[in-house]
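So that you can tell them apart, the chains are marked A, B, C and D in the order they are listed, and the count of residues begins at 1 in each.
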Amino acid sequence: MSSMRNSNRSLTYAQALYEATRQEMERDSGVFVFGLGVDDPKGMYGTTLDLHKLFGADRNFDTPLSEDAMTGVAIGAALAGMRPIHVHQRMDFLLLCLNQLINIAAKSSYMFNGAVSVPIVVRGIIGRSWGQGAQHSQALHSYFMHVPGIKVVAPATPHDAKGCLIAAIRDNNPVVFMEHRMLYGNAGIVPEEPFATPLGHARTLTAGDDVTIVAISHMVVEALRAKHLLEEVGIAAEVIDPVTLAPLDMDTIAASVERTGRILAVDNSWTMCGTSAEILAQLTERLQGKRQFRAARMGYAPVPCPTTKPLENLFYPNAKTIAQRAYSLVKGNGASWDPAVSEATEISEFKGPF
Amino acid sequence: MSSMRNSNRSLTYAQALYEATRQEMERDSGVFVFGLGVDDPKGMYGTTLDLHKLFGADRNFDTPLSEDAMTGVAIGAALAGMRPIHVHQRMDFLLLCLNQLINIAAKSSYMFNGAVSVPIVVRGIIGRSWGQGAQHSQALHSYFMHVPGIKVVAPATPHDAKGCLIAAIRDNNPVVFMEHRMLYGNAGIVPEEPFATPLGHARTLTAGDDVTIVAISHMVVEALRAKHLLEEVGIAAEVIDPVTLAPLDMDTIAASVERTGRILAVDNSWTMCGTSAEILAQLTERLQGKRQFRAARMGYAPVPCPTTKPLENLFYPNAKTIAQRAYSLVKGNGASWDPAVSEATEISEFKGPF
Amino acid sequence: MTNFTDTAQLESIYRSLYRIRRVEEKIIEVYPSDAIKSPVHLSIGQESVAVGVCSVLKPDDIAFGTYRGHALYLAKGGDLKRMIAELYGKRDGSAGGKAGSMHLIDIGVGVMGTSAIVATTVPQAVGYAFALKSRKSKSIVVSFFGEGAMDEGVSYESLNFAALRKLPILFICENNHYAIYSHVRDRMPEPNPCERAGVFKIPAQKIEHGDTFKIRAASEKAVDKIRAGGGPRFIECMTYRWRDHVGPEEDRRWKYRSDAELDEWIKRDEVARIGGMLGSDARRAIEREVDAEIAEAFAFAEKSSFPGPAELGTNVFHA
Amino acid sequence: MTNFTDTAQLESIYRSLYRIRRVEEKIIEVYPSDAIKSPVHLSIGQESVAVGVCSVLKPDDIAFGTYRGHALYLAKGGDLKRMIAELYGKRDGSAGGKAGSMHLIDIGVGVMGTSAIVATTVPQAVGYAFALKSRKSKSIVVSFFGEGAMDEGVSYESLNFAALRKLPILFICENNHYAIYSHVRDRMPEPNPCERAGVFKIPAQKIEHGDTFKIRAASEKAVDKIRAGGGPRFIECMTYRWRDHVGPEEDRRWKYRSDAELDEWIKRDEVARIGGMLGSDARRAIEREVDAEIAEAFAFAEKSSFPGPAELGTNVFHA
C-alpha cells in the first residue's frame, strides 16, 4: 500500500462501513459477512458491495430468510474461531434473533466461565421515512443494553462508523452495531488506514456551558443542528455522542452535566425504559448531593411509527424540537421560542421507493 | 352459586391464578388457555390443572414446542374475537415470541387505526433458584414497557394475581402477565367472586415518611421484609408495588417521594435500561425544581445469573441488602448496618428438582 | 384452458385481473409525483394468484397476506378508494394514513391487516382458523405468502399446528422465484414447498405458469375439502413479478435475473390472455367501468385530507 | 446383533454405557442430600444414543447437545470430575459452578456448551460446521437434540441451511417420545422426523429400540460420507427416558405414560444386554474401575470449594 495517503479524504458513512469491512476481511481470513441481500447488486447500500468478488462466495453471502437460525450459525462459527458479521436490513428483524442473542451469545462467556467467546458483529440498520412505518423503523439498543454480556455501538459519523466497526469486529464479544439509514449519505473525513476506535468512550462534539445534549445515532445530527439554532439565542449547548451504548461512558456525560446543570437526552427510540431513562437515572444517582440539575428526555412519540408524512414528522425529535426543549430547560419550563428551520435535507430529499 | 361466601378465604398465589382463569372461562366461552404443559398432570404449578376436564380439550391444551407460531396463533385467534391466554413456563422463552408480540401484537391496533384489537394474555413465569441459571431466570418486563401498545402486569400478592389476571383477560389489548415462581406458595385473602383489579394503579403497601421503596414482583416480598428490619432502627419505609408496569402509575410513586425525599427502586431484573431506570428518570423529570431527593436502584447483579447457590445469593437483592441500601440512603451514603436476617423461606425451602 | 364456460364468471375474473393491473399501472404513473410516499410492492404479473383463489371464496372467508398485498386486497373485495387514500397517507385511508401500502386492511370483506415482516401473518391465519373451528363456523381462512416465507421456521411451526388440529385453512404459496434479488434455488437445496408442506400430511399441489383457471380450479377443490372439515391444504402457485421488488420501476438494470426469463413470463400475461377470451364489446365495457372507478379513487385520495396532529396519539390502545 | 466382534471395542462401548449409567445412579443416590442443587435431566435409558454415535467420532470432532447432556458429555470424553463438581456448584466444575447440569462444557474434547433452551444449539452446530468447511478442516460436527426440538422452526431453518451449504454435520434426533409429559404424536400430525429432514435432501435413517450397535453402524456410515464431503446426514434414534423429565425420581405416579410402555423399554436395557456379551471377568474389571473413578469424582466434587464473591463478576466479557 502507498504511504502517500490523503489525510483529508472524505467518505460517506456507507463508504466508511464498506472500507472497514474490506480492510478487516483483508487482515483476518476469519472475518466473513452474511445476511439477506449482502451480495446482491445493491450490496446493502454499498456497504458490502461485491465483497464476494474480492473474497469469495464463502465470505460475503446471501442467506435464506431464517434470521433465528442464521444468528445461531453466526454464534457457532464464532465458537469455532471465526468472526462473522451478520447484517440485517432493518433492526426490526432482530426481534427474530433475540433468543440466540440474549439467551446464548450474551451468556456464553459467563455461563461457561470463559471457556468460549462469541465474537460476532450484528449490524442492524434503522429505517425511517417514506412510509417505513411501525415495523421498519425500530431501534432496539435498549434491549441489548439491558442484558449483561453484549456490547452496543451506534456511530453517528463516518469516522466512527469505520473505527467502531473495526473495533467491533476485533472485539471478542458479541457486538450489536446500530446504523441509521439517514446517516448513510453523510460525508466526513476518514483515515484510509485501518484503525479501531476503542469502545466505551463518549465524544464531546461541541463545548458549551448552558446545557448538555446527549444524542444517539441520527439524533446526533439533529442535535448538532439544534446547537446552531441555540447559538442564535445565546445558548451554548454541549453536544455529546456516547457512540458506544454498552458499556456506556457515563463519566463524560456526568462531568458535563455537573458543569452545565442541565441535561437533555435525545434518543432514537422510545424513552420508556430506554437509553434516555438510563442516562437520567445514572445522573440522578451520581450527582445527588453534589449538583442539582434540570433534565428532560426526548425520543419517539409514545406510539408505533405512523407512515404518513405529517404524522411521521411529529413522531421524531428534530433540530427544531430539540432546540426548543433545550431552550425551555435553560430559560425555565414556561419559556418558548420558535426558531425558523427547515427539515433536514437527508430526510426531505429522501425519495424512496423503500 | 351460593351467596354465603367466606370473605376471609385464603388462597395461594397459584390458586388465585387458577381461580381467575376458571371463572373467566366460565364467564366467556372465548377465553382459552394454551401452552406447553398446561394440560399435563402438574397443570403449570396447578394454575391450569385439569381445566380441560371442565371446559374441553379445545380450551386448555398443550402445544408443540413452537413459541413463535403459537404467539401468532394467539394473535390470530384474538383477531377472530377470542381471548387466548398463552402460558410460558419460563419468561426466557418469550425471547422466541418477540417478533409476534412487538412487531404485530403491540402495533395492530394503531397500525390499523383501531380496526382490530388483540386481546391476548401472555403469562410468563420467572424462574429462580435450584440452579435455574442464566437461561431460566430472566424477567423481560422492560422490553414490553419500552414499546407502546402492550400492557405489562406483575402482581405480587394472591389478591392481585386474581384481580389482575381477570382484568388482563378482559382487557382489549395485549397484556404480558409476569409471575414469579417464588410467589406461588404465598397465601393471602382472595375474594371468591370474580373481580377485576383496574390496571394502572400502584399500591402503597405500607406507609412511611423516611424512604420510598418501589419493588417489583417477588422483590415486593423482600421489600416488605426489609421494611420490618428498618423499623428496628427507627426507619419508616413506604413500600409501593406498582402492580402494573405499563401503564406505570408514576403519580403515586412521585407523590410518595415528594414526601419522603428518598427513593429506592428494586427491580426483579437488571437495572440498566430497566424499570428502575424509568422510575428514577421520571422522578427526576417530575420533581425537578420542586423537591430534591436521594435515589438508589437495586436489581440483578450485572452478570448473567449464575447457578451455584453462593453466587446466586449475591445475584439477587434480598431483605437484608434492601434494608441496608435504604438505611444508607436515609443515614447518608457512608452509613452501614448489619441486620440479622435469615434467607426468605420460599427460597431456603425450595428443593427443586427444577 | 379448463372447461371454464360461464361468461359471467369469465367477465368477473377479467374485471378483477384488469382492475388490479390498472391500479398498479396508475400507481406507477402517479409515483414520480411523490404523492405516494409509501414503499409499494407491486403485484403486476402476479394478479392471477389472488384473483384465482379469491374467485372461489365467500365474503366472510378470511384472507391474510403480505406487504405485496394490493392484488389480494382488491381481489377479496377491499375498498379501492380507501386503499388509494391509504397509499397517499390520507385520513380516509383504510388505516387513516397510519399504515401505507404495506399494511392494507378491510375487515368488512375479510382482508386482515397485512404485515411488512415476512411470514408473520402465517401463524396468525392459523390462529384465526383455530378460532373458526372452535366456533364451528363455516368460514375458512386463506393464508397468502411468498416463497420466501417458506425459509422462515415459523412457517413450519404453523403448518405443523394447522395439520395437527385439522384447521380450516388454505395455504397459498406465491412462488415468484425471488425474495428481493435472491433466487429460491439459492435459498433452498431443492425448491420444493409442496413437498415441505407434505411432510405435515397436508395435501399440496403446484400450479405452473400462473394459470388463473388452474389456480381457481385447484382452489375450488381445496376449499370444498377444507369446508367439509378435511383440514388444511396447500397450493403453490408459480408466478412472476414484472417490476422491481419494491417501487414502480422495472429492474432489468440490476441484472439479478435474465431478461429472457422475465420476457417469457411477460408473454404469459394472464390479463391479456383472459381479456382476449372476451368479446371486444364486453371487454371494453369492463375496462371503461374499471378505468372510471380507478380515476375516481385517485381523485378521492387526492382530495382527502392528511390526518391532523391529534391523530398521532389515537388507537395505540383499544378501549 | 450386528457383526460386531472386536472385543476391545465391545469393552470400550460397555465401559462407556456402564459409566454413564452409574454416574446417573450415583446422582440419584446423592440427590436427596441437596448437595446437587441443579436441575438434572438424567440420561438413564438413553445412554446408547450418545455412546453409539460418539464411538465413531474422533477427539477433534465437535458435539453440541442439550440440557439432557450427561451421556453426551461423558461419551465424548468430557472430564468426569469437573462434571460432578459442576453439579455440586463448585469452583472446580467445568464452568466454575456457574452453569450446573444443564450447561456442561469441555471444549478440549469437543463438547461444546449445552443449552437449557430447546433447539438453540442446533443452528450453532450448523455454524460450527460452516466454519470447519470454510477452513477445510477434516473434522465434523454432531448435533444432538430431542425430538421436541423438531417442533421448533429454527430446526427447519438449520437443516435447510446445512443442506444448502453441504456442511459436514450429523444431526442426531434422540426421539424418546416425550417432551416433558407431552407425547410426540400430540405434537406432530405424524411423528416423522426423518421424512422432515428428507425434504431438505438430507439422507435420513431411523434406528429402532435404542440398539447401540445399529446406532454405531449407522453413525459410522454417515460420518464416513460426511467426512468425504457428502453434506449433512440425519439419524433418528428411538430411545426412552426411564426417569422423570427432570430430577432423580421415577415418574409412574404422573400417569402420562403407561407402565407397560416404560417396562418394555426397561426390558430392552442396553447396558445389561451389552454387559451380558462380555465375559464376566472382563465385565467385572470394567465395572470396578468405573465405580472407583466415579467414587473419586464425587469425592473430588465434595472437597472442592464453592466460588467466592469475586467470581460473581468474572467472565461476563472476554478480554
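As a working rule, a residue touches a chain if its C-beta (ideal position, glycine included) is under 8 Å from a C-beta of that chain, and two chains touch if they have at least 3 such contacts.
If you're wondering where the values come from, they're calculated on a predicted model, not measured in any experiment.
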Intersection of the contact lists for chain B and chain C: A, D
Per Cα centroids, the chain farthest from chain A: D
Centre-to-centre distance between chain D and chain A (centres being mean Cα positions), rounded to whole Å: 42
Chain B and chain D, separation of their C-alpha mean positions in angstrom: 36
Chain C and chain D, separation of their C-alpha mean positions in angstrom: 46
Residue list for chain D, restricted to those that touch at least two other chains: 98-99, 103, 115, 117, 151-154, 157, 160, 164, 186-188, 316
Interface hub residues of chain B, defined as touching at least two other chains: 63-64, 66, 68-69, 92, 99, 103, 110-111, 133-135, 148-149, 302-304, 306
Touch-based graph of the chains, sorted into line, ring, star, complete or other: complete
Contact set on chain C toward chain B in their complex: 62, 64, 94-96, 98-99, 103, 105, 107, 112-113, 115, 117, 120-132, 134-135, 153-154, 157-158, 160-161, 164, 314-319
Of chain C, residues touching chain A in the complex: 31, 34, 37-40, 89-90, 93, 97-103, 115-119, 148-149, 151-153, 179-182, 186-188, 244, 246-249, 254-256, 306-309, 311-313, 316
Parts of chain A lying in touch with chain C, wherever the complex brings them together: 36-37, 40-42, 62-69, 92-93, 129-136, 301-304, 306-311, 314-315, 351-354
Partner chain D, residues of chain C touching it in the complex: 151-157, 160, 163-164, 186-190, 192, 195-196, 198-201
Touching residues (chain side chain A, partner chain B) in the complex: 68, 92, 95-96, 98-99, 102-103, 106-107, 110-111, 133-135, 138, 142-143, 145-149, 246, 269-285, 288-289, 292-297, 302-304, 306, 333
